[in-house]
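After this come two complexes, each holding subunit A, first together with subunit B and then together with subunit C.
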Partner chain A sequence: MRIGLRKHFSIIALFILPSMLIVGLFMIYPLFHSIYLSLTEYNFVYSEKPQFVGLGNYVDMFSDPEFIIATKNTLIFAVCFFTLLMIVSLAIALLVTSGLRGMKTLRTIVFMPVIVALSLTGVIFQWILNERFGVLNHVLELLHLDVLTRNWLGDSDVALFSLVLVSVWRYTGIVMILFVAGLQAIPEDLYEAAKLDGANWWNRFVYVTLPNLKETFVVTGVWGAMNSIKVFEQPFIMTYGGPGSATTTLYFYSWRNSFEFFEMGYGSSVAYFVAILVLVASAINIFILNRNKHLA
Partner chain B sequence: MNRKFLVVGLICMMVAFVLAGCGGGNSGGGNASKQNNSNTKNVSANPNNDSSKQEDIFTGKTLVVSAQSWIIDKWPLQEAAEKFMQDHPGVKVEVKPAPDKGEADAYILQWSQGTTNVDLALGGSPADISPYVAKDFLVEFDDAFFSKIGKDKFVQPLLQQGVFKGKQYSVPLLGEVISLNVNVDHMKEAGLVDANGQPLAPKDWNELYDFAQKLTKVENGKTVRYGLAVDWMTNFITLNYYSGLVGTNNGKFLLDDGKTIDFQSDKAKELLEFWQRIVNDGLTPTDGVIDVNAGRNALKAGGVSMLWTASSRAQESEAVLGEGKVVNVPLPGTDQYGSIVFTHGMYIPKYSKNVELAKVFIQEQLLDKYGQQWSATKFGKLPVITEYYNDLSPGIQSMLKVMEHSHSEPLYQEQAKITDLMHKQISYMLTEGQSVEQTMDNLSKGFADLDVHIVE
Partner chain C sequence: MSRWIFYAIAIFTGFLFLAPFLWILLTSLKTDKDIYSLPIRIFPREVTLEQYIGIFQGSAKLGIYFTNSVVVTIISVAAIVLLSSMSGYGFARYRFFGDTLFIGFLLLVMAVPWAVYLVPIYIMEFKLHILNSKIGLILPYIALNLPLAILIMRGNFRGVSKEIEEAALVDGCSVMQTWARIMMPIVKPGLATVFIFTSIQVWEEFMFARTLITDYLNWTLPVGITMLRNEAQSWAFGTLSAAIVLCLIPLLVVFLSAQQYFIRGITEGAIKG
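Coming up: the complex of A and B.
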């Protein structure tokens, strides 16, 4: 029996060994090495070797004006992007599952931006949002809405929100598909029963649809939280963090410190701060949604 | 049991395939090349094409040349590679694109591991190359290299840009000068030409402001053409700032210590005030603050009449607007005190297994008259050998005179942070109404806080 068990576990080990090697080499080692780097002062080009400074980088972060701005920008982006994404995606998902004509086409059109690389999206929208040559301002002028034309990427008051809108355009398709799956899993009987009880559309939405989408909200919420905090391509491609620091986000700031200024230690500490933010946001999301699960 | 072994065996095979697929690339040349793909242009020479060419000591080697993407477009690298292979049967030359400046550093991480997958790298200003020198990654170009093309044949300010710590670690591929690129038709329309129909050069900021004002067109309350655009993005912010000072401040843009950028003098204030004024008065767009291509695109589209940036934009715009339609005009004072020059260099990693082959390729192809003149004529990239200017247009020849008494940017270890500081503070000044005085103070203080070091 014991020999059989040992053999059983050896076969299991054999199966998981390759993936463990890959995970260890490409995920666990870099993870621990970057934690170590975040506790050092280390310029990759000009320092002989990392100099241990303990939590010095983490302390310095909170007196770094650029870090504070990047944190503020990231939180503003996260709240706006997450909220808009959830509302727009759910609204489109409800439309797609309504049974109206043309909804399959709508679903395809909404999903198409997902397959466009984010960097390419950034390049395209740089042109669309250009103040002088851009399509958006041109269309607004044709519609006699000149008052709405803006320097979408060059005005520090609107640049960050321009990135939010581009991101919503890009990611709505994925979240919509998740909501569609969730909506299709809700039994029709519940809606019929609610109708029989005299519930109107809004009541059915609030008391039937939303509660039954809880699991979907967990998945989309965690995904949305991650992608609303880990923002890099949009500021990198479209504005390079400008004008000024108006669109500098934490992830972008971490990259600049690590690979432009070669400050690997400080860049790592910023990256871990981002990771902590993502964990906290995800945990809050899961906690809120699972709060009353025991009552179900 | 047999089925279990079969399953285990299949899984092991799959893992082996995955690991083989993830296997590392080449280190140095000498490997037989892989499949052709869109990123690696590999043109093999048929050794039977010219049987009179003898095989030489490089036979069987593969030279991997990495160039920033724009260089592949603006320099006849493929032609150079093919010609080299014809001249050296049995040698292969692969041209690979590398990320442009500001995207990512293509080499430092691999070279820090003691390995390289390129033999020759093209592209990078002295500031970009200095980290490689600091880490001792590069091969020196010694006197033996210059025995074929003497050092005295080079445009000296350009050659000097490859000297670090007294040694030549890079050789310039092409040169650039900061100047005004002006639309000749617009200047004629505004009456800003001389008796020969040549655009006038502004003598000072007031005159340049006047030019910009005359050239700006407003229709129905909307600006349809700006008089002047300035490249304020990170790739040109420091160079354009220096060029604004050097012409108006007796050839100086540093303080007497030779290290500190002048952010506090009256001339510095005049420059910043000029920049703020042209934006506030609607003569200059601000998209150049966030878009590296805003200025050149606007110049080519006729949306701007003058562009303050590298002189090569003139020839580049001629491809769209027509020959002679865009010319270079000196910034105030730079005809007397010189402007700012910069180069894109050629450098060889010391981990390359084909150092001598790379040097021969540079000597025979990259410093050859054909390629140097081709790039100058089509894209305004200035040749690095003086005598190559003889056959070129008067406009390009005039750039040689400017270059010969121009200045190079200092090499700071903290260049990236200095660029970031200047870009941010000038952005705040231009787009958020920060005062000139506050900008000057922030620049001075920020620069002092960096405690900069010069790469000797």
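Coming up: the complex of A and C.
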């Protein structure tokens, strides 16, 4: 399995060391340094050096009203975005694999938003969702749906949800592709057998399609969880966390603390809180899917 | 009957996803008067290229941002492809002290949100005086993208049967020659995947670029465009739209001509990641 090592030792070093060095210097070391920083109070501009405060930052977080709001926003965003993303992506994936004509084109079109930089997407949609000059409100008016027009990014009741919609537009393509791959891996005979047993399309979906997508759900679930919680560009570019704090997400809040207020100790602990949330969400996702596996 | 419903849904969906592109394109072809007229006109009264001309006449800055992005992306991606194919090969074929540990670290650092690394990297670059420099962006970009790239290439190399290599080594090829002349051509699909995936990631990266670059002349394109929007407030969307279209066209062309590689990149990247 492994080719002889000793005589090639220096070559191995040449092949592996540069990568290890760069990753070590710019990821592994920062990882430990940031853990340390999260346990300190450190204002980059004013502090001489970091002051160790143990878990002080983590305690302070929970009495910080902005932090509580950010957590609430992040959770609301995550749940809405994740659910919508999964449903829309799966639905489109089903459509794309249904054998209708022109589905390859549809697949391409739905995937196109993925290659647009997220920041540019933010700028584009700021324009579309503009209250006075935005085309969305204009189209709604044309369709006599005036009652639906809103100040999409300026109304604190809707702003977060607007970000959800933009994110769904941007990310559906990726998840759809993953579902398409999963769907295409399901053997046709399973569907044939089900049809022979008299199953209608709903039954076929629930009893053949869904169980066979378990692996795909793990991948899309973990990916979706990560991108539901690590939300930075959308609030940063479209609303800068506003109006007020209506669209401040934890990830964004962490950045503001570190690079706007320069409280790098506190910012680091918020960043770790985000990391923990992502970990928990992924674990829950994997756990739910694996538990059902035993029953199936 | 139901087929027509599905076709209708498909067309409607396609339109929804395509609409923002169309809108930005249309906006970029309108005069300022058309853009800001109320009620809004969807189609331009007269198609004009004045917005595009305006970009080049006005601030030449956009050209600088574009160049910055190109330089940073090319160097980062080249380094990532090279280093990941080298390390991927090393990890796939050779056992050495700490190799499993390092792979474990790769998986670990991939799971952590990138913002966590930003603060220490910022402090480190500040002390080393490489903040606000291209190398100050390139090195983190390489580091951030290497783990996934290494895992992808490692997977690719493992999939190759060893007979070819062993034959080459027996024939007197050095490891370097074996790797370069024989193994690399075999794993071309993997290289393409890493190349495309990484190019997109680096090109559109925003948070690190916005934080680590402090002088406006060094901004990358995504940062530059958002900053242009800032200073223009609400009345330069014409120019902005034209700039965005210019940004999108190269990427769209590449994408449309190499779709399967993009798609494979996603599936492979997600599954291995």
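Miscellaneous remarks
Following the convention adopted for this analysis, the second predicted complex is superposed on the first by the 273 of 296 C-alpha atoms of A that agree within 3 Å, B and C clash if a C-alpha of one lies under 4 Å from a C-alpha of the other, contacts with A are read in each partner's own complex, and residues count from 1 in each chain.
In the analysis below, a residue touches a chain if its C-beta (ideal position, glycine included) is under 8 Å from a C-beta of that chain, and two chains touch if they have at least 3 such contacts.
These numbers were taken from a predicted model, which means no experiment stands behind them.
Steric overlap between subunit B and subunit C is present once the structures are superposed on subunit A. In the superposed model, A:11 makes contact with both subunit B and subunit C.
By the touch criterion defined above, A:44 reaches both subunit B and subunit C.
In the superposition on chain A, contact of A:133 is made with both subunit B and subunit C. When the two complexes are overlaid, the chain among subunit B and subunit C that reaches more residues of subunit A is C. Within the superposed three-chain model, A:184 lies out of touch with both subunit B and subunit C [touch as defined at top].
In the superposition on chain A, contact of A:259 is made with both subunit B and subunit C.
Within the superposed three-chain model, A:174 lies in touch with subunit C and out of touch with subunit B [touch as defined at top]. In the superposed model, A:23 lies in contact with subunit C only, and not with subunit B. Once chain A of one complex is fitted onto chain A of the other, the partner contacts of A:100 are limited to subunit C, with no touch recorded for subunit B. Annotation: subunit C segment clashing with subunit B after superposition, chosen from 22-30, 58-66, 94-102 or 184-192, is 58-66. The residues of subunit A shared by its contacts with subunit B and with subunit C are 11, 14-15, 18, 44, 126, 130, 132-133, 259. For subunit A in complex with subunit C, the residues that touch the partner chain are 2-3, 5, 8, 11-12, 14-16, 18-20, 22-23, 25-31, 33-34, 37, 44, 92, 95, 98, 100, 102-103, 105-106, 108-113, 115-120, 122-128, 130, 132-133, 135, 138, 141, 169, 172, 174, 177-178, 181, 219-220, 223, 226, 230, 232-233, 236-237, 251, 254-255, 258-259, 264, 267-268, 271-272, 274-275, 278-279, 282.
For subunit C in complex with subunit A, the residues that touch the partner chain are 3, 6-7, 9-10, 13-14, 16-18, 20-21, 23-24, 27, 35-36, 38-40, 42, 83-84, 86-87, 89-91, 93-96, 102, 105-106, 108-109, 111-124, 139-140, 142-144, 146-147, 150, 162, 165-166, 169, 174-176, 179, 200, 203-204, 206-207, 211, 221-223, 225-226, 229, 234, 237, 240-241, 244, 247-248, 251-252, 255-256, 259, 262-263, 266-267, 270-271.
Residues of subunit A that touch subunit B in their complex: 11, 14-15, 18, 44-46, 126, 130-133, 151, 153-156, 159, 238-240, 242-245, 256, 259-262.
The part of subunit B that touches subunit A in the complex is made up of residues 4, 8, 11, 15, 18, 102, 104-105, 108, 112, 131, 134-135, 233-234, 285-287, 289-291, 294, 297-298, 301, 303, 413-414, 416-417, 420, 423-424, 427-428, 430-432.
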